[in-house]
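In the two complexes below, chain A is the common chain; its partner is chain B in one and chain C in the other.
The block that comes next holds the complex of A and B.
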């Protein structure tokens, strides 16, 4: 089977879009259900990516583990480190109001970025660090390796989506919504809401860290430019676009934003080559910002709308 | 069942409840008082939503002075606040279900009982709670607390601002909840006449200080008005 039609860029763009869906789904639980606006997504994503890289490259793993042994152990460590960071940040912001949460989470992402730049001994600073791909021993060539990691990312996102769908219909999901809507009242429901928030943040951050780590693996290279605010924005715009009422919201939203822009516009529109370096990234942020405003104005519940609200209108409509 | 020993509580250094001793058994206990008397503050304190600055709070033989609200709820204290007693973005049914996260009986069994008690909310089970009328949301809030299978129910002015017909109906329900389900009730009320009809004993709060506790049968609204200016 020929895979020539799959350009390296297309694979990479699909990979980015899939990863953004994963982040948006995890944000769905935090922001969509529990009402906690996590503006530090990229911090957890970046921590996972760097933690994986640092463990993989800087730790002198015993030879007996082999490439895959050290790879998986580093991945596990990345997930644990991101989860613990989520626990810590969750603990810091659990009792704060909206603006405190914004500052806390945004601050965390900024700290992660600064650490990536400053801790050169571990991270390689601004130049970044090369990380080995455990697939290299198979001598598959670049494209099949990328396809493999695209598949891994898609599986990961399917897993995350399955988890989100489960939570949506579970008592735990209802508790998250209750906490988001009326926290004082939710405290008297007989379940520890503080712990609920901590678990939500720890699990969500561990997931974001895992998405970040897989990003690092696919890129073979980790550098601070990968963990800028646009990662957070893309997930957030996608989620707001699709709405949080349905599990499909984040998927549809990200496809309509990052998907449309990074895949359809960049690959299939005949744009002058000189645009790609500087113009397109800027246009992308402007278009995303404008879309966000339009959605908030006309469809504040996302393009899919609010399933619950629709149900009500139906009932009222039928008498 | 519930005992307080010299409890004080309030907001940011302002003491509202001043050294209150109270002992509520298996009964309907009414707390009367004018606006600002401290009824809501007292009930929120008993529900552990406000910290005690002094004193001790005992429930069913356990010291709950320092526990979190979810712990006291899990031990059997159900709380229906004066305002914001529902989750507006959840449907009526979902509001009731979040009440059933604790306890051992089956959720559907409890739901059937609550809907039998409040048929009106059964008919609106899929409506968003945020779109209910004032009276309907009070019923949902009360139903949600009952889904927790409480031993003690704290009701903060459940009928304020509602029509007379609804008020009568709700007070009947309070009696029914107490008699048929064996739930003790502490009821904060301004409506002395209705409270005296339904309560076994009453107490009047004014500026956070409590009167002696009286048997409801021994007092009349006029006497309370005269004696305590409520």
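The block that comes next holds the complex of A and C.
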């Protein structure tokens, strides 16, 4: 089967869109259900990416482990490190009001960015670091390797989406909504709200770290430009666009924003070549910002509308 | 003497408040030397506005921190007392100490069934990895919730609580589903329609008598207090000044003078 019609850019764009859906779904749990506005998504994403790279490249793994052994161990470490960072940041912000959470998480992402730049010995600084692809032994060529990782990312995102869908239909989801809606009331019903938020934040961060690590693997190169604020913005705009009413919200929202812009506009619209380097990334942020404002003005609950929890509960009750 | 009192009341869940002080901006709002709540099935806590009733309730539930003193809960099954004033607020419900809210409180995005299931769900069913626990929670609680919903109908129990009355009722039902041992009701009748109010009070009285739940009611509608309670604490200026049978309290000159006014005497 020929895969010539698939440009390397299209694979990369699909990969980015899939990763953004994954981040938006995790944000759905944190912000959509439990009301924790995490503006530091890219911090956890970047920590996962860098932790994987640093463990993979800087640790002298014994040869006996092979490429895949060291790869999986590094991946596990990346998830653990991001989860622990989530636990720490969660502990700092769990009792803060909305704007405190915003500043705290945003600050964390900024710290991660600065560390990536400054800790040259580990991260390679501004130039970044090349990371090995465990697939290289198969000699598949670049495009099939990218396709493989695209498949892995899609599987991961499908898994996250399935989890979020189940959470909507489980006592845990009910607890998260309760905590997000009225914390003192939830506490009076015996719910340990602080611990609930802390664990949710740690798990969400671990998931974001995993998405970041897979991103680093596919990219073959890890550098600070990959962990700018636009990663957070894309996930957040996507989620707000689609709304937190349903599991589909994050998917529809990201497809309407990053999907439309990164794939349809950049590949299929006849744009001057000179735009791609500098103009388009700026236009992207302007368009996303404008969309965010428009959605919040006219459809504050997202294009899919309000949460129909009454219908869901009726279904759950009748079967 | 104190020992004897404790043994005598070991059968009922009760609270002992000792040396509890709370002040706001230097003004002492509550100062209770030694108070036992819950030695009778239903007790009333009355007093003029600003007497500190709601503050005392919130201190007991630990949604307000005590400046001084402690609150101990005796579950009534012969088990040793638990100092609840050193426990976090969310620990109260699992110990069996539960309070309804004076001001209407609700989860806007949870339906009535959701709210009731939330109260009834066990903590281990709400863990992040229990994504298939929903069926169990429904199966275990449906009968009980349906009984309550038949007795106290809502416009649409699968939908959201709409009126103030529905939200207030939902608040009380949530508390009953927590299966309390000691239930504090902070102005339970405010906002409830008269017929619902009466049925709620009957249900609660029945729980108190049949299921050994100790109920403490803070209420401005004194008819509720005189008809339901077995014992009344009268609070004024931050401390409990009188305790006794409803009939006796009702006639007592301090109560009449500070609270009821002359018009109430002589029935």
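The rule is short, and it goes like this: the second predicted complex is superposed on the first by the 307 of 319 C-alpha atoms of A that agree within 3 Å, B and C clash if a C-alpha of one lies under 4 Å from a C-alpha of the other, contacts with A are read in each partner's own complex, and residues count from 1 in each chain.
In the analysis below, a contact is a pair of C-beta atoms (placed from the backbone, for glycine too) under 8 Å apart; a residue touches a chain by one contact, two chains touch by 3 or more.
For clarity, every value in this text was computed on a predicted model and none was experimentally measured.
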item: Partner chain(s) touched by A:203 [first = chain B, second = chain C, both, neither]; value: second
item: Touching partner for A:60 - first (chain B), second (chain C), both, neither; value: neither
item: Contacts of A:193 with chain B and chain C, given as first, second, both or neither; value: both
item: Contacts of A:167 with chain B and chain C, given as first, second, both or neither; value: second
item: Residue contacts with chain A in the superposition, chain B compared against chain C; value: C
item: Which superposed partner A:182 touches (first chain B, second chain C, both, neither); value: both
item: On chain A, positions contacted by chain B and by chain C; value: 171, 174-175, 177-178, 180-182, 184-193, 309
item: Chain C contact footprint on chain A (complex, rising order); value: 163, 166-167, 169-172, 174-175, 177-178, 180-182, 184-193, 199-200, 203, 307, 309-310, 313-314, 316-317
item: Contact set on chain A toward chain B in their complex; value: 171, 174-175, 177-178, 180-182, 184-194, 308-309, 311-312, 315
item: Chain C to chain A touching residues, read off their complex; value: 61, 63, 88-94, 98-99, 101, 105-111, 113-114, 117-119, 121, 123, 125-128, 130-134, 137-138, 142, 156, 158-160, 174, 178
item: List of chain B residues in touch with chain A within their complex; value: 47-49, 68-70, 72-74, 78-79, 81, 84-91, 94, 97-99, 101-103, 126-128, 131, 148
